[in-house]
Amino acid sequence: MQEYGHCKAGRGIRILIFSSFIISYYFFHCFEFYWVGLVFMKEIKDIKLGKNMAVKELAKQLGDSGFQAQNLGKAIDIIKEMIRNDAAIFLSFTSNMTASGLRGVIISMIKSGKIKAIVTSSGSIDEDIIRAKLPYLQGSFEADDAKLGKEGINRMGNIFVPNDRYQYLEEFSLNALEEIYKEKKSFTPSELLEKIGKKIEGQSFIKAAAEINVPIYCPGITDGAFGMQLAFFKKKHNDFEIDVLSDFNNIINQAMQYEKTAGIILGGGIAKHHTIISNLMNNGFDYAVYVNSSSPYRGSLSSATTEEAKSWGKVKEDAKSITIHGDASIIFPLLVAPIEEFL
Amino acid sequence: MQEYGHCKAGRGIRILIFSSFIISYYFFHCFEFYWVGLVFMKEIKDIKLGKNMAVKELAKQLGDSGFQAQNLGKAIDIIKEMIRNDAAIFLSFTSNMTASGLRGVIISMIKSGKIKAIVTSSGSIDEDIIRAKLPYLQGSFEADDAKLGKEGINRMGNIFVPNDRYQYLEEFSLNALEEIYKEKKSFTPSELLEKIGKKIEGQSFIKAAAEINVPIYCPGITDGAFGMQLAFFKKKHNDFEIDVLSDFNNIINQAMQYEKTAGIILGGGIAKHHTIISNLMNNGFDYAVYVNSSSPYRGSLSSATTEEAKSWGKVKEDAKSITIHGDASIIFPLLVAPIEEFL
Amino acid sequence: MQEYGHCKAGRGIRILIFSSFIISYYFFHCFEFYWVGLVFMKEIKDIKLGKNMAVKELAKQLGDSGFQAQNLGKAIDIIKEMIRNDAAIFLSFTSNMTASGLRGVIISMIKSGKIKAIVTSSGSIDEDIIRAKLPYLQGSFEADDAKLGKEGINRMGNIFVPNDRYQYLEEFSLNALEEIYKEKKSFTPSELLEKIGKKIEGQSFIKAAAEINVPIYCPGITDGAFGMQLAFFKKKHNDFEIDVLSDFNNIINQAMQYEKTAGIILGGGIAKHHTIISNLMNNGFDYAVYVNSSSPYRGSLSSATTEEAKSWGKVKEDAKSITIHGDASIIFPLLVAPIEEFL
Amino acid sequence: MQEYGHCKAGRGIRILIFSSFIISYYFFHCFEFYWVGLVFMKEIKDIKLGKNMAVKELAKQLGDSGFQAQNLGKAIDIIKEMIRNDAAIFLSFTSNMTASGLRGVIISMIKSGKIKAIVTSSGSIDEDIIRAKLPYLQGSFEADDAKLGKEGINRMGNIFVPNDRYQYLEEFSLNALEEIYKEKKSFTPSELLEKIGKKIEGQSFIKAAAEINVPIYCPGITDGAFGMQLAFFKKKHNDFEIDVLSDFNNIINQAMQYEKTAGIILGGGIAKHHTIISNLMNNGFDYAVYVNSSSPYRGSLSSATTEEAKSWGKVKEDAKSITIHGDASIIFPLLVAPIEEFL
């Protein structure tokens, strides 16, 4: 249980800090902390927008506002600290993220070299392979789905995906698998994705990760259109195998080799759970930032907070951690833009 | 796009129906449909509770109310029709469902023989094995997580799971795997779960399914505490294998063998997606009921509606389908209680 | 902060209770409490549905399940206790509740004589006056709104309200106001609604409350279709006045006259806030049950929990209180059905 | 029903536009629209963050992404168009917005002269008067509420408000009312707030509005701490009156005097509803942007979308309108920052 924010300190230190505030107030007229019950707290400040304001300046102001804006500010501080203290960052995201513009942010983070492992769901592979070649389209949440179906358009919220995208995916996957299969018959998902990444042309997070040897863990790899091609390939080549067991050992071993680990986890599902369970034997994350739009009151792991994770030891009891309750499609770029190391 | 509810009809039929309503009104004073723009619609009725009211009577009244109560009523009608028309029912649920009392409803449905396939996430295996032997506990959403962690209690919403539960799971799994491994070295998840089900004593959905040969598909089987035991077992016995590819072919083949299929899908994640993608080659579900608490405005599959599924062909364009937007922990028992075939 | 559920007790008492459990276990084989860290907790039990199961039996089983089902069980216990201990119940609800079948439950509760005050938003007056005479209709969330608009149908989620309903409301209101105005020129909202209630024929919560002198507080009375008629009436009769100030004093005074007060609060908005602020000078509710579907992470009062209310003194620190996070359209009937005093 | 986004056009025009795209592609290599079924659609683009990226550049990129980021982009375009076409803007917000840093954005918008009317809930008056003088504090959602209560701190999500803030509000209000009462005995809420605004020192949206004669409508003015002071003042001065009826006529009349009206509506409750009902006689808004975090599947007005509003005629059938489903605390600054006229 947090005692009003992060500003806990022993009595002596408090007096010291208090004095320095008094001094700073007299000299610089900046007295932004506030004293309540011997714990001092920062003030809520009004946001002041400017004409050519930089994103990082807005993010800083959001951090001194309330509600999820404030949590965003805390999350930025936590990410800066995890980088400063060389924690190994595990990045987790769901497939809708890669269907949207967030993929660009993810690619940039991977290329920065600051991400040590990626965990995602199978759909991300579909979206990434397709979008490296063919764009998805801006649609509308209110479209008539039966009509879209007839016109061969698949709706993912307000993103439209014409059927030909999946035809391309089939062709690409089949060709890639035939070649990869010549080398070896059994692959862990992360091995396979490294091979796939090297075959993708164009913008791609799988490719970006493959190029600098960042493993992409995908424990539910069959569950998507690419996964369906894997299953069909198995029907043709019965000795083709995906070894999901070894990859679980791989991610656990990877997590255990670091002194400190950090999780940046967007959305829920198997990607989120796998990231945190893999850090359990490592005694939990030292830093954790979740961005999540579902309600923790349903009891699902997808919607569980970083606080709940502390009861499990998936996040360390004294870890710096925060859950931003909201839509990653808007929040994630704001979270990353102020972190120069990721750009 | 629905034209105000389900009561569309040709002009001639409409006049016929209209006449019959006039007649029924004069003779029986029951005129519960209402005529708007040549489409008639049912009235919203006030709920009248009674002292020993049966659940099925309440459910009926909820169906004539508004908002999600009305959707619940539509869902009950759809489930009754899928049973009447012998559609093969695919039941999908997330692990928090099996951690809660809903597991009892699921077991009862399986035992009824009306469920043809189950799709779930790995956590469900953990909860089912443990709860067959040791109970979970009633807790509180507001508990102090750091304190719980110190006392060895893991929090799942307001369900508490003491650490010794997982020790039991480890022992059970290790013993079961050693025995199963003597028979064979490679298993699909559904094969393995059938073997496991036959070793469980006490109340268990895995056991109930194994006893009447209902396959449990679990495409992300590694992602849980049981899955971790599988991975550790692999370290000891390198020829031990989980074949996730063949199980995808199995579920697709199973779906294709039925004339009609139906999905009852609780929650999201890999369990939901796998259920519907497996019915894609079958041209989609003929009936679909989703119970879901997350917002479709995030664009994730977990929160997507049965309407969105129509654009993909995962649910047939003219399928009877509905999404109940709410918490399965309360809604699912209400949904099942009026279906005598499931009890 | 709750210490794992409601079962706290002194050490001596704990030993006593513990012994009695051991005894009951040996004799009756019912050992439903569980001992964790010297605090005992109830088990999560599987739900077992039966063919003619009564709603109250289902509700009892839901209470031993997890997530919001468990919170529902706690809420039922709290409501039973508030009645047993003669707390004065303040019932608050938003207008969508009265547009749906929940109105029947509300009317039944009022007629039971157990409700001492009602607080609602202005729309409830519209829905109640109209539905006493003319039904609302069952529609669909996915309807084409522009098309509905052209056909003169207003959509409220999946409830459809044809335009003629509002014409009726106008006529009724105008006639009623002309008569009421003959008696007096200035009314508090609760006075006016009592007069209105006496003029309504058919099923109506305003009428039910008027008949047994339960005040209906409606601090935002102008904000609706009935409120618009009040404003238009003012243009004709400039001395016609609605005195919102005195009604605030009235509700505060009413709350202060009781030894204990209890809040049953459905939804948010002005109805919720007014109910709890009116119990502030009374040092807060002794019992509080909220049913609420919006997220507490936005910082709005509409979504605030009973826990947050304790920091404000709107709910007493040691009050029995719970928030059910979910959709009142389904949850509220389940909550009320087991309370015989309300039926 | 929208036909895939906003790009509908007659066949001839489509061919023309198509040609121009072909030309632009050959000459400028920018071919960002995409052709599906004779309707062209924009592509989803990956977001590329830069080191000193301006907020307006990020907002532009978000508009070409998916989900709520895309809706944000549409909303910015709609706001730019409402300003360009001189629509009278009605700005509506709930009290938690003014408790947070958003108040700074609101003040800046008012000062720009582009806002013609404000509609808010009573709590906004409390927060604005207090924060003009005394700051609110940054807290935590997970704080122990009972403990906070004992220490005299009221929690509003992760914003903490010490009790002395409300003592200040009482004093301020009492003094202000005594003076205002000397002038006149009966006030509409908007009149009263103009008087109050002229007495506030420091940063204040009420003051900013008063200074340039922008009316603040507050139909539920009693429902807050300031409202409680009004009620207590009434006990002392029985002829003191708040005339809520005339203010409803005032806002309707104001809306009817403009050729075009636009609504920017943050959150729900009485503020949202009053804004849109007041534009009903005006045949609905020509432009509407909602920012809303609650689910439209509950049937409450608070969560209703701009689409639903079209069935009521509260938003014109052909209005440019969009609902951003998310948290205003982060979204609203992003929405306003690219609108130079508001800065």
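The letters A, B, C and D name the chains in turn, as written, and every chain counts its residues from 1.
Here, a contact is a pair of C-beta atoms (placed from the backbone, for glycine too) under 8 Å apart; a residue touches a chain by one contact, two chains touch by 3 or more.
The structure displayed is predicted, hence computed values, not measured ones.
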Item checked: Equivalent of B-D within the choices A-B, A-C or A-D, defined by over half of its residue contact pairs recurring -> A-C
Notebook entry, point to check: Counting only C-alpha atoms to place each centre, which chain is farthest from chain A?
Noted result: C
Notebook entry, point to check: Per the centroid of Cα atoms for each chain, what is the distance between chain C and chain D, given in Å?
Noted result: 28
Check: In whole angstrom, how far does the Cα centroid of chain B sit from the Cα centroid of chain C?
Finding: 30
Notebook entry, point to check: Measuring from the mean C-alpha position of chain A to the mean C-alpha position of chain C, what distance in angstrom results?
Noted result: 40
Notebook entry, point to check: Mind pulling the chain A residues that touch 2 or more other chains?
Noted result: 1, 66-68, 96, 99-100, 141, 143-144, 153, 156-159, 295, 297-299, 307, 325-327, 329
Item checked: chain D residues within the chain A interface of the complex -> 1-5, 34, 36-37, 41-56, 58, 61-62, 64-72, 96, 99-105, 107-108, 131, 135-144, 151, 153, 156-160, 162, 203, 307, 325-327, 329-331, 333-334, 336-337, 340, 342-343
Next item on the list: Could you pull out which chain B residues touch chain A in their complex?
Entry: 1, 94-96, 99-100, 121, 123, 141, 143-150, 153-159, 219-225, 227-228, 230-235, 240-249, 252, 267-270, 273-274, 277, 293-304, 307-313, 317, 327, 329
Margin query: Using the touch definition from the top, list the residues of chain A that touch chain C in their complex.
Written below: 1, 66-68, 295, 297-299, 325-326
